[in-house]
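Across the two complexes that follow, chain A remains constant while its partner is chain B and subsequently chain C.
This part shows the complex of A and B:
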C-alpha cells in the first residue's frame, strides 16, 4: 500500500489549513492526483473523482460531500478573489467543472451547495429571496468591516466622509484585500460597523452618491 | 300442512288463497320447533326488522316482522310491540310452492332492499286431474299456468307500466286492477315519480330488466306434446311474409335456413310446427283461464339488511322444491308438471323464449355464465378429490422408487430407471408433502414446512461429492430468488397439496433457523421480497465489490483513476439478473455504515494525536464502506458508474 503523502505532514495542514498548500490524497490509498492550475491553485485529488460531481443519494455521504464542496468553494474563491456566483450564468467557474474528467456540478447540485453554504453563513443570495445569484463570503461581512476599519484608522481617514467607490476602487485601496469588493458585500460590512457604532452611512443620490463616515 | 284459517283474520290485500295464519306448536315454542318435521320441513333461516308490503302498499300492522324461511314455508311473525294496548296481529305463513316469481331489489337512496314474491295458485291436484281427464291428453298444467301468467299480463292482472324517468317496469296492483290501469296516485317504486297516463302502452309485454327469475312461460320438453307447445310461444319467433324468421331474442329477421340467429346465435324456432301447434294453444289457454285466480304480489322490505342472504336462500329453497318430496303420494303427472314448471321458470334453465330484445340476450348471457360456473365448480370437485388422493399418489411413487432401487441392476435398463427417477424428482419432494392434516399444531406445522422448503432450496449434502445441490446452492443454484418464484417452485414440488402464499410469508422468520446455510429473506427497495444465501447478504456483496474496486498499484497500467463498474458489470460479477442487480446496487449505495459516523466524529474532533491515530487506522485498514455513483458518465460507457466511496472518508483538511 503506497500512501502518496505521509499522513503526519498533511495532518498539520489541518491545524492551519489556509496557509499550507494542501490537497493531496488525504492519506487515502487512491491513484487520484491533485491538479494545479495556472494561477497556482491546487485542486485536491478528490476533485478528479467523478462521483464527487454527483450529489450522492446516501444522506451521510451527501452531508460529508457537501462539507468538502463548501470548503473547496471557499478556498478556491478566496484564492481567485471571486465574490459572486451565478448559477444560471453560462460561464461555469473553474472549480465547478473539471475539464480533465469532463464532469461538472450541474445547476441543481450547485444550487444545493450554495443554499447549504448560505445556511452556514458562507454565502448569501443577492438580491435576497432568490436562489440563482449568491455572494460568496470567504470573509464574513463582519471581518470585512473590521478590515476596512483598521485600514481607515491606519490611514487616518477617520471622521472624513468617503464614498463607496473610494473604499473599493480608490487609489488608496489598490493594495488592500477588499479592492473591488462588490457593493452589496461592502454595504453589509459597513452595516456591521454601523451596528457597532463605528460608522455612519450617508444616503446620497444613486450609488455613486452613497457615502460613509467612520467614527 | 294446510292450516288455513279464516281469511277475515288476514290483513287487507293478503290473499287467503295463499296466506294463512300460523301458530306455534305450543305457546312459546320457537319456529324451528314448530315445523312439520314429518314432512321433512327444515328451518333455513330467519331475519328480523322486515316490513311487509302488499303490492306497493305497506301492510300497516306488519311492519316489524321476524321472517322465517323453511324449505316449505315462509313464516312472518310480527315482533310483539312494547305497548300492550295494541294486540299483536296474528302470524302469517305462505307455502312456497305458490311462489311463481321472485324479484330482488337492492334498495335505492332511502328505500330499503326488497324481495318481491309473486304468488300464483298452483292447481289443486283435484283440478288438475279434472283437466287432464277432460282433455283426454296428459295436458301440461305448467304450460297452462305459464299462459295464464302471460295472457293475464296482456289483460292487466299483473300488467306493468314503465316509468318515464328511470325506465323501471312497475307492476300494477292486481287487486285494484279492474280498470287495468295503475291507480292515479301510483308512483314508480324505484324513483318515486308519479304515473302518467301516456305510458301504459309501452309496458304490456316487456319484462323488467332487473335481476328477476324469469316468468315461467315455457315448460321443459318433458312430454311429447310439450314439444309442440314449445314452438307455439307467443314470442316473436314467427315467420314474416318473406319467410324470414324473427329471432326470439333479438328480433332480427333470419333466413329460415339458419339454425341460429345471425346476430346473437340464439337457436331459431322451426316453422313447420307452427301452424298445428297454435290451435292447441288456443284450447289450453281458454281452459286454464277459468281455473286461474289472480296472483298475489307481496314484498318483504329488509330494513336492517340480510336481504341478499335471504334472497339467495329463498332461491335455493325454490329450486330445491322440498314440498314435492312431501307430495310423494300424488299423481306422477302433476309432479312432472311441477318439475317442468319450476325448472323452466325459477331455476332459470336455458329458456329460449325467456325474453325479447336486449333483455333476452342479457338473460341468455346470464344463463351461459351460470352454466359455465357450474361446469367450473364441477371441475374443481374433481380436483379436490384428486387432492385427497395426493398422499396416496406420493406413497405409490415412493414405493415404485424403492422397488426400482432394489431391482435396478437386473430387470430394467439403466436408461429406464434414470428416466423414471428423474420424473419422480420432478414430481416433487423426497417425502410426501407435509399437510395440515399431518400436523395439528400450528407452530410445528410451520417448522416442518420450513424444513421442507429448506431442503428444496439448499438441497442435501451428497455423500459422494460432498456437495449440496439445491435451488439456491450448488452448480445451478441462484443466490437470490424472488419470493414469488420460490412459492411457484415449491408448489410445483408439492404437487397438489398447495399452500397459500401467506403460509410462505409466515414461515419466513423461522426459515434461517432451519436451513443450512441459513437462507434469509430481504425486502428490496422496490418492495420485492427475496430469499438469499449468506453469500448474498448485503455485507458480503459490499465486501466483494469493494475488493474489486481496490486500486491496483502493482500493474503497469496505472492510470490515475479509481476503478468503477456499471450495472452490467455488477450483474456479471455477482451472477444476478439486471433487475436484481439494480436493486442491490441501490441498497449498497444507501448502505449506512457505522464507520461514517465514527470518522466524522473523529474528524470534527481536532484533538491531534488521538484522531490522527484512529483515522490512520481507518485508512490503513481501508475502511471505505460504501459505494458512490457518477451520473455524468458517458452513456457509451454503460451509463451510471459506481465507485468506492472515498468521499465519506476524505478529510476536510485535504481540500
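This part shows the complex of A and C:
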C-alpha cells in the first residue's frame, strides 16, 4: 500500500537538519515533532500539523485551536521580544508561517487571532479603532509599569524628570527587560502608574518633549 | 451389644444418640476450627505473598495481571475488605489495618483509582481537540507523562529509564479503569479498529464508515484525502458518501481538522460546512490517528 507523504519539506537555514519534521525519506507514520529554531525557541509539535494553519469550522475545535495559537504567539513574542504585529506587512513573522510544511496563517485568520487576543487583554490594536496593527502584550501594561517603577526606585531616579527616550533607550536601561519598549506600550504602562498615583506625565510638544516624574 | 426390648432399650437409644451428637459436634467443630485456621493461614500467606511481591505487583503489569487472575479464580475481590471477620488474629490485624482489602495493603486500590482519574483527566482535557476519540498509545503516553513529569526532559539517565519502566501501563489496566467507570454511564469505551485501539470518551458509537476511515487514517498518520479514500477503500464509495462522512467527522463529531491550504495556499476560503451538500475543500486529518511527539 502506498500513500502519499503527509509532508513535503523544504530546508532553509533557520532550522538545524535534525529538527526538520518527517521529510521525503521518513516513514509514513513518522510522528510530528517539535522544532527548535536558531534562537532556541521550540515550536510545539502541533505547529507542524498542517490543519493548525486553517481556522477550524467546528466551533469547539476552533476555540481550542485559538487558545493554542494565543499561547504560542505570546510565548514566541516574549522569546524574540516582538512587540508589534502588522497583518498587512509583507514580512510575515516566523511563528505565523511554517515553511517546512508550506503552511501559513492567512491575514483573515491572523486578524481573528489578534482580535481574540485583544479580547483577552493579550494584545491591543494600535492605533485604536483599526484591525491591522496590533501591540502584543506578553507583559501587560500594568506589569511593565511595575517593572519600570521598581527600576526607577532601585536606581534612585525618583526625584528627577525622565524623558520617554531615557527610560526605554537610555544608557541605564540597556540591561532592563523594557529596553526598546515601543512608545505606545510605554505610554500605557505609565498611564497605569499615573492611575495608581505613582507617576505624573509631563506633556511636552510632540513626541520628543514627553517626560515623566515618578512619585 | 445386644439390642433388647423393653423400656431400658429406649433410654439406651437416647444415650447413644446423645453420644453420637456429641461426637459429631466435636468433629464438626474441630473441622470448622481446622478450616478457619487454614483459611486464616491462607489469608495470612496470601497477604504475606502480596506484601513480599508488592513491588512486583505494582510495577510488573504481567505479574499484576496474573495476581488478579489468581484472586478472581479464588473468588476474592481484592477491592473488598478482607478483614470483616472479627476473629482475625491480632498478628494480621496490624497488617490488614483499616480493612481496605489486599489491594489496599499493596496500594493498588489507590493505583487503579488514581489511574482512572488520570484517564478521565486526559480524555476530558483533550476532548476539544480530538472530539472524544483518542488512540490507546497516545492515552498511555499522556498518562505516563502525567505520572512521571521528568520523562518530558527526554533525559536518558538509567534511573529515569527505570522509573519509566516501573509505571508501564498496559491495555489490561486501561480495561479495568473502563470497568470502574462503567456504573457512571459516561460512555467510556475501547474500540478496536484495524490493529489499533481507540478510546471513545463520550457516548457514541463509531459507525461502520467511520471505523473504515479511522482504520485508513491510522496508517496515513491521520491524513485523509478524497483521492486516498477512493484508492484504498474497496468497493468504491461514491463521492457523496466520502464527502458526507468527512463532513460528519469534521463538523458533527469534531474528530477531524481540515487543512484548506492543501489545495490553495494563498486564498482564504470561508467554509462553514453546515450545509451537508458542500464539497469538502482540502485534506481532512483525524487527530486521534495523528502521531505527535511532544
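As a working rule, the second predicted complex is superposed on the first by the 185 of 215 C-alpha atoms of A that agree within 3 Å, B and C clash if a C-alpha of one lies under 4 Å from a C-alpha of the other, contacts with A are read in each partner's own complex, and residues count from 1 in each chain.
Methods note: a contact is a pair of C-beta atoms (placed from the backbone, for glycine too) under 8 Å apart; a residue touches a chain by one contact, two chains touch by 3 or more.
Small disclaimer: the values here were computed from a predicted structure and weren't measured.
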Which of chain B and chain C A:64 touches, first, second, both or neither: both
Which superposed partner A:197 touches (first chain B, second chain C, both, neither): neither
First (chain B), second (chain C), both or neither touched by A:46: both
Which of chain B and chain C A:31 touches, first, second, both or neither: both
Partner chain(s) touched by A:56 [first = chain B, second = chain C, both, neither]: both
Partner chain(s) touched by A:107 [first = chain B, second = chain C, both, neither]: second
Partner chain(s) touched by A:72 [first = chain B, second = chain C, both, neither]: first
Partner contacting more residues of chain A (chain B vs chain C): B
Those residues of chain A which chain B touches in one complex and chain C touches in the other: 1, 3, 28-33, 44-46, 49-54, 56-58, 60-61, 64-65, 102-104, 106
Parts of chain C lying in touch with chain A, wherever the complex brings them together: 128-129, 131, 219-223, 225, 227-228, 232, 250-251, 254, 257-262, 265-266, 268, 270-273, 282-283, 285, 287, 290-294
List of chain A residues in touch with chain B within their complex: 1-3, 7-8, 10-11, 13-15, 17, 22-33, 44-46, 48-54, 56-58, 60-61, 64-65, 67-68, 71-72, 75, 102-104, 106
Contact footprint of chain A on chain B as seen in their complex: 550-551, 553, 558-562, 564, 589-592, 596-597, 600, 606, 608, 612, 615-616, 619-620, 622, 624, 626, 628-634, 641-643, 645-655
Touching residues (chain side chain A, partner chain C) in the complex: 1, 3-4, 6, 28-34, 44-46, 49-54, 56-58, 60-61, 63-65, 102-104, 106-109
